[in-house]
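Below are two complexes that have chain A in common, paired first with chain B and then with chain C.
And then the complex of A and B:
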């Protein structure tokens, strides 16, 4: 149907002689899209909704992951989560990732703005900034292990500029989370950067020209043209950043396995499920994390509603 | 118009394929002659395309018409556990011992005979058995102790094995004076830290597991658990281990030991041949690697706990049990796998490996842990899981090392007191169930 764009009268005339046949085709075309959708929907249901549904069910049991019988324990797992302080303590580690995520957004926005104007080697820099996002997480983990080890790349670099014995980047408990969050920033900034860049480039050039005529400087252009134009994508990135900080997993799990005080909530959940065979409790922890993320998203959308975008 | 019906058929076919792909047809071969194909799950990703291929070829030579396929899993324990939830976990597999408690063996594995009968022929049968029935046959066994660089230790003036913890720490101090890192924890990779739990029983004897499940405070002086973790704590807190444990690397540690940059690690005797290989690759003599018993000598001399590596078992859902049984028999008795690993053979009549020649000279007593009392097999794991102390893992030992090196709050007393408290509380919960 969508192919028949154009003059409606013409369309009607073209279809008129075969209107009776078309009726059959219409009922047919009602099922055809669904046939196309069956496979993706089947994957979505089988691989996402059923496991999530199971997770909610497991969270009410004391299942160990193997036992054919699951013992129903009601809300016992949730009571345990909220009464054992050490389970929530690990959210403290997420603060490092949250700080990292904000730094990541600011940096990405800065580079995206800079590179949306005419800059020398613009495409090279775009590539350099986006490249880390394309590398496999395990590879990054290994590379940064060598980077951070005593006498490794970072220490050698610092020694070259005269700083010796800077401390153990992963061994020192007060530095380890900063090092790991830094690695995450390095890895994910490229994605935010590309999102911002795309949004900025969709701003019509006339607006800048008009601003130039009005005598706006670069800061004014950023504040009054770019920022309002990309506030939706900014809001989205912000939600993703908070969710990502709360559920930080990959980098710390690969690089330290959660040792030395770098354990995040998700690592703790994984350990609870697979190391200590408490799948029930771990599912409850996952449910709690899901609820926290949903609540934060709801609050964020209440505080920064994106209806404003329709003003333009 | 003509597209629609065929599209519907295609979609239906695709769904049918999705649903059916898990099923495979064919009649079962339970007791017949070995024939057809079997799938063997293994953790030896390093050998699967070399040594194991040769084994498969030899097996086919002996039993024409058979074919052995391997599936090597990098994270064996984790992957195998998940696959046990399905019926598709190969014909022959290694029991993922850290996840499957013995009382569940009958749900997944084919019985191999009575423990009593099998123990006449094979070592370590207790470990692979439940309630008098054996479900697994040992692949190979090893004795606990520590590997060390003989050149470095001789240079430091240590030529006889330390008999007490004090002597041992003293020896490490002397090694430190030579400029070598006395001890390497392998903190980052973690699993080598887990293997030190194998020393359980050195002092308390073969019923140590039963004693532990009746003990509210296993981390008390005189107990094995205290000795094992205390030795690690004292080594680290005295600054005798590597400066940054968080960036250790197992593969590299072999070269460090071979070159003498690192001087010792507590491991099983299975590690000796790997260390010797590293020494040879580094242009050193294989003799540079030594293996001594733990420094807990008693009136009867040194003791070393022997234990089996993983156990071979046959899937209860195998369609070709006859061939699977033939493979287990052949692999255990004829492949020479244990000897190639420098390990203790599971077959009672096989000779001791060269890697343990120091032990023979020292007259070390070997002990094998006794079978857990019937119905109590899972208790020690249940308590450990409930307490979230991974006795047979590495997480709590990493925390212990963090405290010992001053990266986390606490001292030896507070760490052990906390472990004892959690253990006692978990014991009460498990008993109540």
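And then the complex of A and C:
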């Protein structure tokens, strides 16, 4: 690598006469770029665009996934989704995950701010808080099945402080979603935390020194230096958290399979498709979710323009 | 005085957070060394009487299909990561180094695809995989992992735009054609980006559950996620064996984290923000 980076001024001068020609040189050459693109594009179309296109088409039929004839039912599936309460009400389960996601962002911001100041054992704390994010989802599911089971880790901890018979964490419909959303917070908080910490630490140290000279306290530093530096990543994380809450799937699917009122919209969608073979209805549900996610993303682009350009 | 209180509060909250992260894992770790009898009679917070009781690990390995799981995950991981790198670098090279008709459209197609949440589209992707006759083969997972990774393309695109075009031109003056430039000049210079993609993609594939679960239901095609998931049936009441299997799955992740810490942090930062 080192041989490539000569004196930048020299390189610039060497390039100057070519730069007018460069455009031409790198233009043209007809089919060559397509030779490089043919495989990536084929995959993109076959594995992303054809499924999405088909999904829209299936959503207008009552297809069962096998029958060679698909019966066209128009918007019937969509009418069912919005009129049958048992289909639509699972969206309320998302509210638990949404609350969890907000708690997760607040915690991540709190710990990222703490660790951005001088701290003993900083790397150790950072590693420990982050590590859960890397663990296999099924392993996390099993760890927390044991954690929440009657007589499990949580009950033992509560008994140690004198609370007995706290209830069935995963068996009681009024508790199960809180337990599952809590597991999601445990799993994903570390990622937000590391992203926030990275953004805070990219602020040049001089800014803090200047703030010290001006007599700023920690709150001032948080409010006027840290918060503006992570505004963008915070916005992006918030949008991703909403999308993630609406499409919560893995933790509840692994831990309860959707039992006891823990069924989420995505669990219901895949069960409708693969357990009950109602591909048409399931496709309509997937289309609804896709549209919601696209709308949320569009809002994000509007509120935080140039996200890509600035983050990179 | 105020700062002492603040400092105390800070360390207290850090220690509490660390305990929250560690305690659920520690109890599973202790459980993995307990005997069946012990598991039934002692509480989760009691350490095992014999820390050298590896019986549960042996059971998990031999009867739980973990060996097969690690082999399948290994094969799928290596092939998919290699595929992701080739596909991603080729796409990025074409888009970054050529100006051609339809370039904007191609870029837009890749961009739009990042917005599609993949779990839900499986409803329709399933039909494509069936039509390609890949259902219940490792090919299904490999194709989906390698063929739908658009984030990798963005990481390569970003990195490639920082490689001076003069290098391509110098090589071209020496008589190299576009393929030689891609293979001999660009690919070696992309090493740091390739390392990032290997790490993010490697972790993602090692942890992926739903794709192998949906497309590879047969027992001998179990990857570590699905093999571990199947522990819940036969070992339902033998929590100590489930714990041992869980620990076996977590150990490689822990080792990777300890040795590659810095790269993982950097990789996630560049990957998550796309």
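Going forward, the second predicted complex is superposed on the first by the 254 of 312 C-alpha atoms of A that agree within 3 Å, B and C clash if a C-alpha of one lies under 4 Å from a C-alpha of the other, contacts with A are read in each partner's own complex, and residues count from 1 in each chain.
Note that in this section contacts are C-beta pairs under 8 Å (C-beta built on N, C-alpha and C of every residue); 3 or more make two chains touch, one makes a residue touch a chain.
Note that the coordinates shown come from a computational prediction; the quantities given were computed from them, not determined experimentally.
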A:205 touches, of chain B and chain C: first, second, both or neither? neither
First (chain B), second (chain C), both or neither touched by A:65: both
Touched partner set for A:136, first chain B, second chain C, both or neither: second
Chain B versus chain C as contact partner of A:32, first or second or both or neither: both
Partner chain(s) touched by A:161 [first = chain B, second = chain C, both, neither]: neither
Comparing the two partners chain B and chain C, which touches a greater set of residues in chain A: C
First, second, both or neither for A:51, with chain B first and chain C second: second
Contacts of A:256 with chain B and chain C, given as first, second, both or neither: first
Which of chain B and chain C A:150 touches, first, second, both or neither: first
Partner chain(s) touched by A:176 [first = chain B, second = chain C, both, neither]: first
Chain B/chain C common contact set on chain A: 25, 28, 32, 39, 65, 152, 274
Chain A-touching residues of chain B, taken from the complex the two chains share: 1, 4, 7-8, 11, 14-15, 18, 78, 81, 84-85, 99-100, 104, 107, 187-188, 190, 243-247, 249, 384-386, 388, 390, 393, 395, 398-399, 402, 407-408
Parts of chain A lying in touch with chain C, wherever the complex brings them together: 1, 4, 11, 14-15, 18, 22-23, 25-30, 32-34, 36-37, 39-41, 43-44, 46-52, 54-55, 58, 65, 107, 110-111, 114-115, 117, 119-120, 125, 127-132, 134-139, 141-144, 146-147, 151-153, 156-157, 160, 186, 190-191, 194-195, 198, 218, 233, 236, 243, 247, 249-250, 253-254, 266, 269-270, 273-274, 279, 282-283, 285-286, 289-290, 293-294, 297, 308, 311-312
Touch list for chain A against partner chain B, complex: 25, 28, 32, 35, 38-39, 42, 64-68, 145, 148-150, 152, 168, 170-173, 176, 256-261, 271-272, 274-278
Residues on chain C engaged by chain A in the complex (per definition of touch): 6, 10-11, 13-14, 17-18, 20-25, 27-28, 31, 43-45, 87-88, 90-91, 93-95, 97-100, 103, 106, 109-110, 113, 115-117, 119-128, 143-144, 146-148, 150, 153, 158, 164-169, 172, 178, 182, 189, 203, 206-207, 209-210, 214, 224-226, 228-229, 231-232, 239, 242-243, 245-246, 249-250, 253-254, 256-257, 261, 264-265, 268-269, 272-274
